[in-house]
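Next come two complexes built around chain A: one with chain B, the other with chain C.
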Partner chain A sequence: MTDKQYESKYKRVGQRYNRKDAQEKVTGQALYTYDLEFPGMLHARCLFSPYARAKIVSIDTSKAKALPGVRAVLTGEDSDILVGLYMQDKRALSKGETRYHGDIVAAVAAVDEDTAERAISLLDVKYEPLEPVHNVDEALEAKTLVHDDINHLKHIEGVFFPQKDSNIASWNKSRKGDLDKAFAEADLVVENEFSLPAVAHVPMETHVAIVQEDPYSKKIRIWSSAQSPFAIRQIMADSFGISETDVEVHIPFVGGGFGGKAGIHLEPLATLLSRAAGGAPVKLRATREAEFNTLPTRAGMRGRIKSGVTKDGKITAIRVNYDWDSGAYADYGVNVGKTAVYSGLGPYAVENASIDSKTIYTNKVFSTAYRGFGHLETHWSIERQIDILSQKLGIDPYEFRMKNLLEPGTRTMSGELITESSGSPKDCLTAVVKEIGWTGRKTEEERQREWKTGKVRGKGFAMLQKAPAMPANTASSVIMQMNGDGHVKMMIGAVDFGQGANTVMAQIAAQILDIPIEHIEVMSEIDTRANPYDWNTVASKYTFMGGNAVIKASKEMLRKIKEVAAQALRTEPEMLAHAGGEVFHVHNPERRLSYKDIALGYMYPGGNSIGGPVISSGSSIADGLSNLHPETGQGLPALDWTFGAHAVELEVDVETGNIEILKIASAFDIGQVINEKLVYGQITGGVVQGLGSAILEGYKFNKNVQLMNPSFTDNKIPTMKDMPKEIVPIYIENPQHDGPFGARGVGEHPMISVPSAIGNAIYDALGINFHVLPLSPEAIMLGILSGKKEILGTDVENLPGH
Partner chain B sequence: MLSRFDYFKPHNLNEAMQYLVKDEKTFVLAGGTDLMILLRRNLIDARHILDIKSLPETQVFEFVEGAGLTIGASVVVNKIVDSELVKAKYPAFNEAAAALASFQLRNRATVVGNICNASPGADLPPALLVFDTVVNIVGLNGSRQVKLHEFFTGVKRTVLQPGELVVSITIPEPEPGEKSTYLRQARLRGHDLATVGVASRLKPDGKVALGICAVAPTPLRLFALEDQISQRGLSEETAVWAAQEIKNHIRPITDVRSSAAYRLHMASVLLKRGLLKLLGKEG
Partner chain C sequence: MSNEKDCSMYTEHVESGKRKVTIQLKVNGHQVVRDIDPTMSLLHFLRDDQKLFGTKEACGEGECGACTVIMNGKAVTSCIVLAVEADGAEIKTVEGLAKNGKLSILQEEFIAEDALQCGFCTPGFLMSSRALLDHNPNPSDEEIIEVLSGNLCRCTGYIPILRAVKTAAERERKELGR
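And then the complex of A and B:
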């Protein structure tokens, strides 16, 4: 399925190519990390903490060690190596205390998985259960510290701000204008709280790592299902005290990640096991249950927003508090929290505003990056608040948003000036509102009339924005080599884990070189020894940054070809044009050479040769970004904002609480479509993933903070039967002048604000404001039965214990 | 998987019964869709696995006029979904079968397994209960028949004694002109366990039978409520009344799947909708 209406002005950019890896994947030939086998390879299994917080009194490993076939048994006593992306707060194995239900307590490497699992069952651990930190409120009281060494944790200073003697891993802030004055002068001040639970990524491939540590050279070789090979290389080098060059990271095909594989997870433990087993390669794979219970999630979040508006609908003041329940470790959670201080207002121009974003430790499963990187969560708060403000003002929610959206000449929360090159939130909103035929909110009379039929329809919409959350020095690079047949092989540093990077890069190179996309091969396995550097495969930044690097490399390749061709054709390079894999004289096109005549060097009839193999490279760096001021949050953090909007029409069964999504229209100002099929796929996939967060998904804990739904039995994601009846992707193309062909990223964005639009449509249908996700049939129904107009949530933590 | 077990596939029932009594840690394998989860999550320590799929007695799928439909313990749920006979004579059973799990699981999961697993939330028992299904049990000392509503004794517990095997079930022939339906609520449209499931059956003489799951430790046949409805005579008013009254007949709990309050509410809504459907008035 694609949008048949779309037509690109380019020959290759914007066209509907199939993914380059599609055939290999659907025929089962693609090899993933789990498929790899090495001579003497061992298999690992872990023992997970059954308690959210407990003292490890003793571990008797003797029976496990005595089991034939066991090669290594490790506990926290065996290593003090600390790992962390931004905060070094996590051990490969717990020592002294466990911090969540699922924390790794011990690990075994054995000749096969069955033996390893049997050995795990022979470990005798004595725990002393401790009272866990249940939620952010308890955490903020700081009676119990999840990390009692928080004052000494190594972290990136000036970017993250752990608070002394607290459970706050980072407290980030942004400030602008005179907030107190603005509130005092506002005609209406509205304050609300919104929240949503932790959610799982659920990639088709669970996390897998194979690691071998060479016992002689201490070099570490890693094969992993990870998104960010170069980040793993750097963090492993830091943690293990060796040079980056001595860490070798291979990434075969990856079966999805959604941010869950963005960081470093199983690799350090597998390294320790390999070391303990004398240097044998060790494969450690997460079971599906471990994927839910042990590997990180999207953080739960609570947003509290106070807004001041004028009678005619201008937002003059916003004070926002975001509290992120990051669980036991900071991981990417602190960066999610940091991002919220510059993006957490949504795409609105507000003169007076403050955001306080706290990433908080509790004794839950820890959090990491997840598609949207905090924006689904912040927009759940912001876009519901905007809708409630428009209700209170009695202004149409479309008009209200149009009065306050960013436009050229206005500034973002961090002070960035918006221009025509930034893209247009208004174009997105107008497009989706038109698509669902919005004519204004339902009246109470219309609602009552429909209610009698048992089914009530509602329409709603929501805005979104996101820019890549990345360091100011984020860089990408690419190497291109031409083969004797005039085809090009390209090595990039980003991992194509489903988003389509390889296909997009091939299209951009094919466009510039003017050769068929089939003539460009992007190497599908990343090997940090060979592939050029890329920061991380995250943030929806790769089309932009990789694209710009590929443009440079392609132009350099073309320049080199033309230089050699000019000599051979006895002219100047400037006199040569190119098309269809050939270079020719602009005036006399019969003077021409094929790329393949030059690819490995041009040979004159007499045998003399010039040029040599054509190789080129290209780099890009985040241009113009700056660090945020620690107190005011002012600065330039955004390489490219992608703005968007969703509009939804749905039907609620008022007797059961079931929702049917009749239509969802989604528009994004992506500047330029690079691959129409991939954009279509990103949008439909993101919308459905957002639908999961909206109406279904969420971690449930009991009163002992044990995870109650650690498997597909009770941790559900949408299926084909749950798809909306109609999904309409809309591409807005206001080009960004420094983007590749004007393009911006759109990988994460389709997921953001789907819950907000649905929440707003449910208000239109029922006249009830829901403040808590998910909007499950149960939540909707109990909300209706309560007779209340504001549903502040159910107590999901009050489930009976085991 | 920590269990270490022997696997045995007998050729006849006698061999099977001899094997079944070898050890109390013998588990019966038909579809295996519940057993495999128990094994993989190390929730049982199995020593022997008895595969009953090759026993002719378990492969029966036979309708005898006057006697009803007998379904052997190896018959998979998709057989019920696809059966024109079941669709025509036992619509509630057909609908419950179609609602169970996913297509792939229904290709393995057996009807009898869904009963023997004795999950309070199983989809098939409510429908089978309203048709007065009988469970055919074989033991070393002979066979016995137990009515399905007497078969369940608790969560994951039945009347089956060690050394006994359910070989089949028999669903008595319905009367001409009957109507029945099974309605359920789940957390999503795709494959999920039932939050609540309600089967209802209307006989030509106006008598109503009701079965329900996920609201008590076992699937329930609501005899007392059926009597009250029959006394009043089934009508729209009675359906609305019964939807309120059902709350006095069930005791749902709060768990990870649903709150007790929502289960109570949905039992009421599904009962009303089911009864209205039997009256030809879709709710």
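And then the complex of A and C:
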């Protein structure tokens, strides 16, 4: 149940409005890129590498080209264009060598999908399979280089650090204090390793792009199921050597993204196909299998943590190594790795610390951003380690965290000073721990007693933090225009792919202008020719940055209205107040005008007119952010930290290994609720997505690094049956002084630390520490049957008798 | 799939090469008579032939429920039903839920409970829920979960969907006397 008790101090901000585009979505009217058709449109299909790593010896395209209806056949020999947001390491089509099972080897555009598919089957490719790089350990040995041109790959200098003659796409570092001394002085030093596999985003609409390269003007027109219209525009212009103005990007409704549709994906290949087909629009749509197998995933990760603590529970030292299995490419993956060096300690104040984060190439499906990127992964490691430390110290895990959490006056890993305006991790933890009725861990005796019933209950909790991970010059902007009826038309640069940006921006403008939210129309299709710039719709940044831009634009609109009204009412703008779509004199309220009297210009009774159409704009930029020092990682990477905590009560069936989530309480210090209904949806959706990572999902590879589960049959995501019995959302509202109405972002956060809280609750239930995700029934049973207390993997060989 | 020789018979659109079949059916109350390729799925018939784009494809193998429509009163995943199987059938899609410009109670409750985010799975959920409520106007939580666990949603975490179906059932019983 959503928290219908929530009361906002504002008339429109904080209220439970229905999402703006809901009606189109329940009637089937909402059109997605997948639904679009254009005259003369061709359909594309791709041929995928059947090997993780192979030399492409030859490709015979003659039969495919001869098939009636085929308009273009492309291989890697046809283009050398490299693309990437942070690291240009990926071709639209692989050339010479394939780098993962699913890498695109050739592509066809034909009059329909059937023909394209048939043409693909007529391609004759000769491969010479090569020994793949299986995992990060092999990659670090650097006997085989996934990219033998790594020394020359173009990347953002000073932010990412590819290592010479290696498989390390970027090695990011952060350092503070005197670690050796702190470890020497610690009462207890504990080292652990944790890991988790690659996981797919699984948007319900697979990636799809329609591109037309105009054969005459060379302009590129793109319709895409994408989160980043302006990043696509910039990367396309850069890679194809044309002006940004000559790249049009249209984003209709988008069927889910979760980070997987950030950056650039199918657009360059569709462009090349359009060019090869004489300028026809080409639709390239990923099948569900390609969505799993060809498009990028969340990277697998291994975290190794060494912590030093005092007897009374103060963490004095921590050394962390994060190794990211980025797969074949790291064009976005390097930014995930970078995030770990400033956020990878969790919300704890530790004086002496170091983090090394390596984004590593292997021959697996490549990685990209995934909801809260880097954080679910690092927090799986950190929050399990914190729990294990509290076990070893014999201190209650709540008390232990409270002694070490960030609070005003302490500093983050990158040296940022925490203040009252930053929000409070402690408020979040205290709220969730109270909600699940935490009274301390189970004793071994209690466990044994419950075990006999076949089902054991456990409680656990975990902290989380995240700030938007974005460049220091990240910017947003909006344009607002008033129609003759006093309604407002708003154009933003962010894509509303279900997170509710359009509704939230309308509420903020409605609050300031004091008009009904129904009187604000947010243009729901992004068109880069018309909509103003926004960096990327990612990172839980838009409520904050877009919200601030809307506040500026709304205030400017109000100022313009009041200036004209003041002249018409023969007073000063400062003498005017506004309410309910009207401006009036503060002392003589009968001297008033409606917005609509001014919207297109004010006309005096005699016919003279002043003003003109009311238009305003607003921009915001990531105020104060700096690049991190390359060696120490010190700097200001965070515009707004959103802190949070989850607490879980669960039941483990000790005969099947099945976990049932009885209750999960989730608190986030979001400063100010803008729309309770939408926040609630982010929490329920994020928690269940986190549950998927915790107990179900993960890529499985065979010994040749071929993906074994690229379908819903073998790669399950949670269904309604997996839903927790109860989710309790808790909104903490310590305002951020430069946030819109004090608000911070919360889109990604609910997913983070769900696995860690579950892992900690499983320890409470079973007295076993699991170090590897997912905590599937098989993994739990193998763990129980192994008789061990620390489960470092799920190998059957670990079982007694094997 | 046919072989190369079959392909050479055609100059443009390549279908299965099988002889077309006439089907006659009702779609959202309208009579439809069409000659179609016998290998065409009901999903592709609705989308490509009837241009009813509300029904979505998200896996193409009957695993996700995004393409759910109601066929003769039963919810089916239209991507794994052949259009010829729908000969003589009554089909209802998401476009047929609202009547005379007014949303159905179920649609209203999906909006009110925010049972959708990106909206791509929503038509499938609506049709599975519609079929359920047509058969059982007062389902328990367990019955709703059992039925809707065949539909995947990656955005909402399902809780708002469960609530929407429950409140819709309640309202339908009260307002429509079901």
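Rule of thumb we're sticking to: the second predicted complex is superposed on the first by the 793 of 802 C-alpha atoms of A that agree within 3 Å, B and C clash if a C-alpha of one lies under 4 Å from a C-alpha of the other, contacts with A are read in each partner's own complex, and residues count from 1 in each chain.
By definition in this document, a residue touches a chain if its C-beta (ideal position, glycine included) is under 8 Å from a C-beta of that chain, and two chains touch if they have at least 3 such contacts.
Computed from a prediction, not measured in an experiment: that's the story for all the values here.
For chain A, the partner with contacts to more residues, out of chain B and chain C, is C.
In the superposition on chain A, no contact is made by A:458 with either chain B or chain C.
By the touch criterion stated above, A:677 is placed in contact with chain C alone, chain B being left untouched. Judged by the touch definition given at the top, the superposed model places A:256 against chain C, while chain B stays out of reach.
Once the two complexes are laid over each other on the shared chain, residue contacts for A:655 go to chain B alone; chain C is not touched. In the superposed model, A:785 makes contact with chain B only, not with chain C. In the overlay built on the shared chain, the residue A:327 is in contact with neither chain B nor chain C.
Applying the stated contact rule after C-alpha superposition, one finds that A:162 touches neither chain B nor chain C.
Of the two partner chains placed by superposition, A:303 touches none, neither chain B nor chain C. In the superposed model, A:468 lies in contact with neither chain B nor chain C.
The interface of chain A with chain B overlaps its interface with chain C at residues 114, 118, 121, 713, 718-721. Of all residues in chain B, those touching chain A in their complex are 1-2, 41-42, 185, 187-193, 195, 254-259, 261-262, 265-266, 269, 283.
Contact residues of chain A toward chain C in the complex are 1-2, 18-19, 21-32, 34-35, 63, 67-69, 111-112, 114-115, 118, 121-122, 201-206, 253-258, 287-288, 497-500, 677-678, 680-681, 683-689, 711-713, 717-721, 723, 727. Within the complex formed with chain A, the chain C residues making contact are 1, 4, 7-8, 10-15, 52-61, 63-64, 66, 93-95, 97-98, 103, 107, 110-112, 114, 116-123, 126, 144-146, 148-163. Note for the complex: chain A touches chain B at residues 114, 117-118, 121, 289, 454, 655-658, 695-696, 700, 708-709, 713-714, 716, 718-722, 776-778, 781-782, 785, 794, 799-800.
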